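The block underneath contains the structure these notes are about, expressed in structure tokens.
Chain naming follows the written order as A, B and C, and within any one chain the residues start at number 1.
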Amino acid sequence: MNTIVLALIILGLVGAVSSIILFFVAKKFQVFEDVRIAQVEEALPAANCGGCGFPGCHGFANACVSAPSLDGLLCPVGGNQTMQKVAAIMGRTAVESAPTVAVVRCGGTCDHRPRTSDYDGVKHCFIAHNLYSGETGCSFGCLGLGDCEVACEFDAIHVNPITKLPEVDEEKCTSCGACVKACPKLLIELRKKGPKSRRIYVSCRNEDKGHIARKSCDVGCIACGKCEKVCPHGAITISNNLAFINDDACKLCRKCVEVCPTNAIVELNFPPRKVKEESLV
Amino acid sequence: MKTFKMGGIHPSENKLSAGRPIQLANIPKQVVIPLSHYIGNPSEAVVKKGDFVKVGQLIGKANGFISANVHASVSGKVNKIDVQLDASGYKRLAVFIDVEGDEWLETIDRTPTIISECLLSREEILKKIQDAGIVGLGGATFPAHVKLSPPPGKKAEILIINAVECESYLTCDHQLMLEKGEEILIGVSILMRVLDVKQAAIGIENNKKDAIAHLSKLAEKHTGIRIEALKVQYPQGGEKQLIDAIIQRQVPSGRIPIEVGAVVQNVGTTFAVYEAVQKNKPMIERVLTITGKEASNPGNYLVRLGIYLASVVEQAGGVPANTGKIVGGGPMMGRSLMNLNVPMAKGSAGILFIKAEESLRKPIQNCIRCTKCVRVCPMGLEPFLLMNQSERNMWPEMEKNRVMDCIECGSCSYTCPSNRPLLDYIRFGKTTVGSIIRNRK
Amino acid sequence: MEKLIISPAPHIHGGDSVKKNMTAVLLALLPALLVGFYFFGLGALIITLTSVISCVLFEYILQRYVLRIETSISDGSAAVTGLLLAMNLPTNLPIWIIVIGALVAIGIGKITYGGLGNNPFNPALVGRVFLLISFPAQMTSWPLPTPFSSHYLDAETGATVLSIIKSHLGELPSTLSLFLGNMSGSMGEISSAALLLGLLYLLLKKTISWHIPISILSTVFVFTALLNYFKPDVYASPWLHMFSGGLMLGAIFMATDYVTSPMNPRGMLVYGFGIGIITVVIRVFGVYPEGVSFAILIMNGFTPIINTYIKPKRFGENIK
């Protein structure tokens, strides 16, 4: 009986002393943090993808609270909805920004771009890129080894085993930009999603001169300049033997798609064209 | 017998072309001279389309200190300046010349007489070396004048000549030593004069006994030059390993050889220095080994820069039928080539045909932690760990584990019983960590 | 010309493989196995076959039908585990116990962690220690060595040298007969001579480096010699400790297991030192007469820490 009482007393004393020590330690080392940081973090999607440019969601919440205004701060995963929630917490207004999505700017499938050598190293784009220009004649095109697939936290980009090109799942893509950083050939770009997900872009990054580009790939941009001339909105520029469509100026008229001789300009999610009457004849 | 102290492997030597005399390569109708090399800035073209150039004429001017001049290796008309796939696997700028005759610059001394006297001052010699566009011929193609100009406050004590040729198959340096021994030794004494050192050591692996004997006999006439026979072990030709083997000093991590008082130059470079200083001949050709287990006629060829490798290979009997892979350089550090339509560059030491059945890598298995990679690493690193960290993008940890010390010799991948691509991943990590470090500065 | 193959350097491979290493270990175990067959006859043959076959079979079944992955039995690592397990068992052990041991060794010791290369503990030792704790009676009745005996379960039993030392009962055999293996014990551990022959082979083939076996053996020798020097009447001579029990087998074949030992020479020395100390402490001061298995398993647990904090000697490290 005595032992039990003694044990109780000793344990009780140890507990009491420890709690007092803990109390003072907590007081002394207390870190002050703005309560709003926790609230903002609560509103964020907690993906910790780093797509916003800050280290994780906590970093972004911290930035939102400490910045004077919410301009230029965007959680690409949550989009406008999340930013409005954040703005409500902060008592500010969020700037509406157009949603973007990742596009792969290479159309060189196995059919269009014949292989000229066999790569037998690690299946890793960066390693292959450091070694040489790639299995095909085009030294700008996709290597198809799937660094983007590994980088994607949202399971939104996959290399198609038949075409050996990555394909973006628009539903899942949060446009966090991880694949953009992962691609050693700089093929992936974040573009405006566009109304009803309709987009037009040049699906090529080949900066070789026209005849060289043509030799290595059927659907490469040969910088003929037809699209630049036909574009009524001045959205297309050609530099370094490569056309680029500025998505801020593009009005989705699809004229460039029609004139492109190599089909390097790609339209997405448009309804099928009306068949012109004269071609029916 | 001397050798380096850590790690190392001994692949089968396969020196098939040893003892084959150096032959002149035929000059085709067109040559393509690359303006860039692996290290340093590409040089700027100083000729334009339609210009007539003579052999030895400057066509590309060095751009910055770490860059080298490029000279015409043939005479003829400049056809165009355009991109050309080169041995690096990428398209880069090159000068295309249509060959017309074989007209040399008048200043170049083409007589076979050996000139041993050199009374030029240090600066004059350095200027000549720099003007001649000489780069290290060991493979890294680092401009030679950079290494010969030690940073202020540093003084070289010894000049080490790398005549190790530790890569299997290659014999170009070996044959050069047998045929141009006297010229090499004069080149060495010129370099000693530049560096103001009293002694020089030529390190040769013991599988080249004839070269050791030949040079030892010739070296008796030159004061301060000694020949060091070294135990056969790869990667003895690594700069740090060679210094360790010859003067038993280890260059600390992240430092350069001059800090332990040594300057290393390749034996081919010394011959080029001789030609540049004594004969006014810029760097327009080098010896190339064409070899392979099934090559019909392995041999050594003196090839002008810019000649398509395909043309030299044709002269040497063509590509063997059963070839799966063509390597530019040695089997351990060379680069595999996409095709033979690439021009000869200053760094090309060999063309190696690998049989189809030996070309493919074996399937990768789990790491069994046998520590063989740690045992063979000449830099005392842990390749298995670096590979794991590289796979997981753990860059700060890799830096802590001294990935930047890696000399990319490939001993780890060579020895791994599970066929793991250790060096592939380590090289990836090294590149990434290197750029992180550069951005930090 | 066909499409050429492009890959990063190096373009040649030394030709070493997992299979070659495992075959080397199996060959190195051969002398000790033959001595086991000689002294224990039929029983030795039965437990060896049972253990090796069931280990390989379990690996095949688990990988093929449970995990549905490619099987790795052809690399020989399961056979090595099976043989090492058999070497660690008394030769009068019933077959069903051996099969349980094999299942634990392969199933729990190896496959659970992801197969060869990922297991933190030596699988054969996991199997053996599991059996030792679960079936203490069967696992500690040691048959007497009788050349070419045809007895299996009914073999005459006797005490091991270490239990004689521990209990001070019975007469100790001469050091020479210990060295050659004429004593009771597990099938493979009795003959130090045969095991040392195996060590020699492994060192010549460069399958293992000398660091682990030599550091274990020298630590045990020095430690027991010190004890023996101060109190010769209480503590046995170092030679007895060296040649008895599982020390040789453990130091040469179990502790040097690639997967579970440290990855650089310095770490290996620390690891070997730890095993030596723990072995002697268990043998001399503990309840069990033998402690090599426990010592190795304990140090296996420390291997990741050793790997993290003890790095190999770097190039240029000793420059002032």
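Heads up, the rule we're going with is that a contact is a pair of C-beta atoms (placed from the backbone, for glycine too) under 8 Å apart; a residue touches a chain by one contact, two chains touch by 3 or more.
Treat the numbers as computed from the prediction; the structure is a model and nothing was measured.
Student: Taking chains as nodes and touches as edges, what kind of graph is this: line, ring, star, complete or other?
Tutor: Graph shape here is complete: every pair of chains touches.
Student: Chain with the smallest distance from its CA centroid to the overall CA centroid?
Tutor: B
Student: For subunit B and subunit C, let me know how many angstrom lie between their CA-based centres, rounded off.
Tutor: That gives a centre separation of 48 Å.
Student: CA centre of subunit A versus CA centre of subunit C: separation in Å?
Tutor: Measuring from centre to centre gives 53 Å for this pair.
Student: Could you tell me the distance, in whole angstrom, between the mean C-alpha positions of subunit A and subunit B?
Tutor: Each chain's C-alpha centroid was found; their separation is 42 Å.
Student: Give me the residues of subunit A that touch two or more other chains.
Tutor: Correct list: 116-117, 120-122, 127, 131-132.
Student: Residues touching two or more other chains, restricted to subunit C: which are they?
Tutor: 4-8
Student: Where in subunit B do residues touch two or more other chains at once?
Tutor: As it turns out, subunit B has residues touching two or more other chains at 89, 335-336, 338-339, 359-361, 421, 424, 427.
Student: Per the contact definition, I'd like the list of subunit B residues that touch subunit A in the complex.
Tutor: By the definition above, subunit B touches subunit A via 83, 85, 88-91, 335-336, 338-339, 359-361, 421, 424-425, 427-428, 431-432.
Student: For subunit C, which residues count as touching subunit B in their complex?
Tutor: 1-2, 4-14, 16-18, 20-21, 72, 75, 77, 114-118, 209, 258-261, 263-264, 307, 311-319
Student: Subunit A touches which residues of subunit C in the complex?
Tutor: Against subunit A, the touching part of subunit C is residues 3-8.
Student: Under the stated contact criterion, what part of subunit A meets subunit B in this complex?
Tutor: Touch residues, subunit A against subunit B: 116-117, 120-122, 124, 126-127, 130-133, 139, 208, 212.
Student: State the interface residues of subunit B toward subunit C in the complex, per the touch definition above.
Tutor: 6, 9, 11, 89, 168, 240, 244, 249-253, 255, 260, 319, 323-327, 331-339, 352, 354, 358-362, 365-372, 374-375, 377-382, 384-385, 401-402, 405, 408, 410, 413-419, 421, 423-424, 427
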